[in-house]
Amino acid sequence: MESKYKHKVNYYETDAMKMTHHSNYVRWMEEARVDFMDKMGYSYKKLENSGVSSPVLAYSCEIKHSTYFDDEVEITTKIEAYNTVRLKIKYTMTVNDILVAVGETNHCFVNPKGVPIRLNKECPELDEKLRLCIDD
Amino acid sequence: MESKYKHKVNYYETDAMKMTHHSNYVRWMEEARVDFMDKMGYSYKKLENSGVSSPVLAYSCEIKHSTYFDDEVEITTKIEAYNTVRLKIKYTMTVNDILVAVGETNHCFVNPKGVPIRLNKECPELDEKLRLCIDD
Amino acid sequence: MESKYKHKVNYYETDAMKMTHHSNYVRWMEEARVDFMDKMGYSYKKLENSGVSSPVLAYSCEIKHSTYFDDEVEITTKIEAYNTVRLKIKYTMTVNDILVAVGETNHCFVNPKGVPIRLNKECPELDEKLRLCIDD
Amino acid sequence: MESKYKHKVNYYETDAMKMTHHSNYVRWMEEARVDFMDKMGYSYKKLENSGVSSPVLAYSCEIKHSTYFDDEVEITTKIEAYNTVRLKIKYTMTVNDILVAVGETNHCFVNPKGVPIRLNKECPELDEKLRLCIDD
């Protein structure tokens, strides 16, 4: 399963080089990830309401072309790997079908005390949905 | 009591007009407020650890002169009003002694459930310190 | 003329009080303002391409109710005053028809050197559109 | 040459997990990088004033331990590679001597038109300083 999400570059996301500040790409990955979960049928809000959070353990971003205020960035989100304790997501960003950035985030799952958990035990419904994404 | 705090403008705080994005001034007010409480001897962290938060109910900012990357902004923080349930703080910002912005924030105090509280009952130590600030 | 714009609260816009950090409201005002200009038929991007910027001289925000991750905030934007050198805009924010915040921004117009200009001289097309907004 | 820089976690940098939002680490890398250049004797501001910018081509961050409001993060910055057209910088972040995050940024150098340049031709003074950093 792949999911597409659109983000228009806000003025407050630009910097004095007159382009998007690089730190925003990883924020857009989060927006796209949340949208992905909405479309998957198990929202991040629902996950947190069940007492589980999914912190980011690592992230990376490669910027191929600068983006600018008012650009419409299309972000394609894809589950790259999932094994009930770890989740790896890849993001591809385009503007007018031109590749502008690629990124990756790595996640675990934790309970309200911050202790890592196994999603198949604590949240089997999301576990199953994520497994289906991988099989696609 | 007045307190002075310094913030150097970060590159990520600039925008495509090549100056500081206006939204950052209210963030610097927060930095200055936290620093003020550190110097007052009752840190915001200590307040939150005691179960009390102080959300912002309102804020305003007037920008007199643009600021730029690498500018050192000096923020003078002053308690303007305090009556155990409400707190009003004023901020004056200068760069090289030139006034660049003034701002104000209004706060209440809430318990972990978000219910407004009276600071003289829930946190008499901070209540007393704030009263002393007003009398100055 | 009034314009409505929707913003879903991003996770990165929340803070440790588990609600939206107050600094984001003034960023949403910018998003709504840019969207307003798109709908008015003279985009902010077009304005900047013509060499004119519209910096924020002052802003204020009053938060009536906290907002939270995933809330859909509807922002109604209205030109409050305009006289070719100054522009005042008001914003009303609701979540599920409940008023959560009101705000205001004040702007001037400047040329690429940062010198204030009269919009009726430098950009008569936008000047006319803004006058029509006021008359509504 | 290594350089150490301190950043206190701001409240606005936290998120609803009550810890630092992950996007801030790459912003702190920028703060540390700017501080590094100040200490190296060729500030980023001076570089931009000379007409040269150094955009981020790629970045990565691995978060070992969460950080929290008011934590003092010490960031050690080290030039990892430099060849006059590309620059790679590594960052190590600790809180109370405990490793909390590592990161990396990759940069090129561009002229005001965004065209990549060779630093030894366009800015020999900084080129020499960066070479000395590598030799350390």
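A, B, C and D are the chain letters, set down in written order, and residue numbers restart from 1 in every chain.
Definition applied: a residue touches a chain if its C-beta (ideal position, glycine included) is under 8 Å from a C-beta of that chain, and two chains touch if they have at least 3 such contacts.
Quantities reported herein were computed from a predicted structural model and do not represent experimental measurements.
Asks: So which chain is farthest from subunit C, going by the mean of the CA atoms in each chain?
Replies: Max centre-to-centre separation from subunit C belongs to D.
Asks: Comparing B-D against A-D, which pair counts more contacting C-beta pairs?
Replies: If we tally the contacting C-beta pairs, A-D comes out ahead.
Asks: Which integer distance in Å separates the CA centroid of subunit C from that of subunit D?
Replies: 33
Asks: Please report how many Å separate the Cα centroid of subunit A from that of subunit D, as a whole number.
Replies: 24
Asks: Can you check how far apart subunit B and subunit D are, centre to centre, with Cα atoms defining each centre and the answer in Å?
Replies: Here the centre of subunit D sits 28 Å away from the centre of subunit B.
Asks: Counting only residues that touch at least 2 other chains, which ones in subunit D make the list?
Replies: Touching at least two other chains: 11-12, 16, 19, 23, 27, 30, 48, 69.
Asks: Please give the residue numbers of subunit C that touch subunit D in the complex, ascending.
Replies: Those in contact with subunit D are residues 11-12, 14-16, 18-19, 21, 23, 68-69.
Asks: In the complex of these two chains, what residues of subunit A are touching subunit D?
Replies: By the definition above, subunit A touches subunit D via 16-17, 19, 22-24, 26-27, 30, 48, 53, 55-63, 66, 114.
Asks: For subunit A, which residues count as touching subunit C in their complex?
Replies: It comes out as residues 10-12, 27, 30-31, 34, 43-45, 48, 69-70.
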